[in-house]
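By letter and in written order, the chains are A, B and C; residue numbering begins at 1 in each of them.
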Amino acid sequence: MAIAASELAADLGLSLQGGDVTLSRVAPLDTADPGSLSYLADKRYRAHLGETRAGAVIIRSADADAAPCAVLLADNPELAFAHAAARLHPRRRQVSGVHPSAVVDPSADIHPTAAIGPLCVIDADVHIAADVELGPHCSIGAGACIGAGSRLVARVTLCPGARIGARNLLHPGAVIGREGFGFAKDGERWVRIPQVGGVRLGDDVEIGANSTVDRGAMEDTLIADGVKIDNLVQIGHNVVIGEHTAMAACSGISGSTQIGARCTVAGAVGMAGHLHIADDVHFTGMAMVTRSQAAAGVYSSGIPAMPNAEWRRIIARLRRLDVLHARVQQLEQALTEAGQNGPAPPSE
Amino acid sequence: MAIAASELAADLGLSLQGGDVTLSRVAPLDTADPGSLSYLADKRYRAHLGETRAGAVIIRSADADAAPCAVLLADNPELAFAHAAARLHPRRRQVSGVHPSAVVDPSADIHPTAAIGPLCVIDADVHIAADVELGPHCSIGAGACIGAGSRLVARVTLCPGARIGARNLLHPGAVIGREGFGFAKDGERWVRIPQVGGVRLGDDVEIGANSTVDRGAMEDTLIADGVKIDNLVQIGHNVVIGEHTAMAACSGISGSTQIGARCTVAGAVGMAGHLHIADDVHFTGMAMVTRSQAAAGVYSSGIPAMPNAEWRRIIARLRRLDVLHARVQQLEQALTEAGQNGPAPPSE
Amino acid sequence: MAIAASELAADLGLSLQGGDVTLSRVAPLDTADPGSLSYLADKRYRAHLGETRAGAVIIRSADADAAPCAVLLADNPELAFAHAAARLHPRRRQVSGVHPSAVVDPSADIHPTAAIGPLCVIDADVHIAADVELGPHCSIGAGACIGAGSRLVARVTLCPGARIGARNLLHPGAVIGREGFGFAKDGERWVRIPQVGGVRLGDDVEIGANSTVDRGAMEDTLIADGVKIDNLVQIGHNVVIGEHTAMAACSGISGSTQIGARCTVAGAVGMAGHLHIADDVHFTGMAMVTRSQAAAGVYSSGIPAMPNAEWRRIIARLRRLDVLHARVQQLEQALTEAGQNGPAPPSE
């Protein structure tokens, strides 16, 4: 789709400087051609600006002088770019209606503007709102509800009774509402505790490919509006996640943990169960979260990778920290006994 | 389903105190209403007992006096509750028979009481026993066997020849019997070693959503009776897992590792290959298991998350443990040389 | 399939010693029977050689004297075994043609030798080359291409425009080309940045079960020839992986990281985004990779699991490393002030 930069500027409420051009795609600064729109938000890429061949660049006004092309001025270039890219690369909606190969229970209530893709299975008493799109191989369990404008890309499983808000984006392989991992012990045997809670996703939620969100044991697992979850993430039963929290791939949240609003969880973070994490908490990658965190801030753990020989040495030393500690104590004692103005015993 | 507390008590062999009530659902102590059955097993929730509005509570006799409602006395309240919840919230079985949209090889042997859901694919020489339920989109490879009463919730893949025992519960997206990750090197290229072993799951096994269990290289991958595996877990080729071991989400077990009976593996644990883990070993969350463990007990690793600034300081210190160690050594030497009753060199 | 050892030797260019035998399967040294072919590559299994009942063993000439059976001499026994196993256990190809239950867009270009399994969905403008096999429930998005001889085992999702080379092996549940995890912030809300890049897999690539490979934001995610990726691995948008790199299960690579050729990444490794990893870098299991690595070599991190009580003690000491450091400093100072030939302050 080709658009004049001036039209794009008008649509997005940006000011255009440096002459009009026709734009037909987005591209990074360093590989853009004259038909491309690019942007500069991250300083790391500033070196590419002077030599870009882009037709236009979305940029902060402070950086505009350095651009060799037309500029669209924005306070938040990345956000403006997100909107511009959606204009230049519109997604084609699925055609409304139910594909003849889909298997649909007669009691399902499907809005006529919704699109049900090939080989989907829609069970009894399902409710699908306007403009919903289901790609191929989705399976919607009995009594599940999907809000207006939501899109299940392909092969998404909603277990019975799952409730999905409006404008959700669920990626291939996601499983919403599995019966959670709850057992009682009978001697050495595990006996399943029926998981009779539900699962509710707010509006504008995103769940990544092959991620799993378990239903609650007795009450619901809750994912609030605007939460974004990446691929291969596990959300245990009765977890509650606050608004606009984002979670990167390979993380796992154990049962009944509550996470606040506007948190970020980087990749491969693990959280124990029954924790309370405040609003605006940020965990760096691979953090091992074993305690509740009542204060906003950045939390971390883990040892960054280093050359193997160094790591072996460090770990050996770490395992003998007790011995080192004892040696320091002996030194302190020896010095004190010698009456030599030895240091006062520090308090730990 | 509504049941009298007295009937439930009789069914479960419990004694009822405090008058009969009609129960129609389960609920936690703090949100229960008079039609709800609740339970108290974990001391953490004891504070909720005095104010619960539940109609009845399953409880140990020692705690019964504090309950403001009818009580069902049990030595193991959680186990009694699991059975009670199954009575109050019975699952509706799929209707027996093969859904007309399923694609079934004529050589497959399917018991008439089994239920094969819509859009399943059953390949040649498959054997499906009595009362098996397959939800939508399951795919059963040639020669696979599924034991009586097992349930494949939806979209489960059994690769050719996989053998599943009785009363298994396989959640959506599980892949059982993938050809494992085995390669020989040909210069810099990897050449696949055909994986001709199989995979066998015992009775009462559970495999979580999107978890993967690889078939063996030459002999079988084995998962014993009563093993419970959560979501997004990887089991490598030729792994052996003993009876009643439970494994939480996001864990990965490398090839040929053998895990004993009654172990518990918390979330996101990683195990190297070719290890032997004894019976009754417990790993805490995110443990990095690099050695065999011959003794029962609890094993751990990892650094709990802390404020980022503190973590940065600690890690910097950790990387210079060698230097700290050298300084202590120098201090010891200086004290000894000064002839000042310096401490005896401690043995490490 | 039964083959004479002499025929196998001739096919594989190996020399046979110790008389001919008929072989019909492969087996490990310790459980082989006279109809089995085994091999010895790893010293760990050498103890089994003397007592093996195998009909023949593939072995280095230096080890041949210890074999109680026929031997096939190979410089690389594991590689020769991989080829021999493929001869003894040939995989039956799917029958060419499109299964009548598949849903295929009329614009799709499918080679007549290709096999499209039951209940696959092939969207518009897809190109499928010769000898491709698609198992059940695969979904191929609009415009995707699959190179000759590739095999999608079952339930693989190729998102629109994904490009797969020749002889790929994609395991069940793999998702190739999901729209990556890219957002701009609008106040506290996340706004999706359209992901208009693609995803390209070279020749001889393997992607494990339930693994996910995201498409690029503006340019392509690239996986080079011969790369082997295990189960439950996440590859972020714009990641580039060099030739013949192998990656074990449960690892996650964040966006825009570039990994060189011939690297190995053990299980559950996490890599931050925007890193550059050189050729021939090897990461051990659960490594936390936060920096670029310009030099070939082995890199590690993490604390191996230990008994819980020991771990608690060590972690407590670790969190007080600052205090220990201060105490050593005080000791040094005290000794210096006492004028007792105290050690020179070491440089950190």
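By our rule, a residue touches a chain if its C-beta (ideal position, glycine included) is under 8 Å from a C-beta of that chain, and two chains touch if they have at least 3 such contacts.
The structure displayed is predicted, hence computed values, not measured ones.
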| item | value |
| --- | --- |
| Type of subunit A:subunit B copy interface by residue overlap (half), same or different | different |
| Turn needed to bring subunit A onto subunit C - CA fit, degrees, nearest 5 | 120 |
| Whole-Å gap separating subunit A and subunit B, where each centre is the average of the chain's CA atoms | 25 |
| Touching two or more other chains - residues of subunit C | 119, 137, 155, 173, 210, 232, 250, 268, 302-304, 306, 318, 321, 324, 328, 331, 335, 340 |
| Subunit C partner contacts - residues on subunit B that touch it in the complex | 103, 119, 121, 137, 139, 141, 155, 157, 159, 173, 175, 178-179, 181, 183-186, 188-194, 196, 210-212, 214, 218-219, 232, 234, 236, 250, 252, 254, 268, 270, 272, 274, 283-284, 287-291, 293, 297-304, 306, 310, 313-314, 317-318, 320-321, 323-324, 326-328, 330-331, 333-335, 337-338, 340 |
| Partner subunit B, residues of subunit C touching it in the complex | 25-28, 31, 44, 76, 78-79, 81-83, 85-86, 89, 91, 99, 101, 117-119, 135-137, 153-155, 169, 171-173, 204, 206, 208-210, 226, 228, 230-232, 243-244, 246, 248-250, 261-262, 267-268, 285-286, 302-308, 311-312, 315, 318-319, 321-322, 324-325, 328, 331-332, 335, 340-343, 346, 348 |
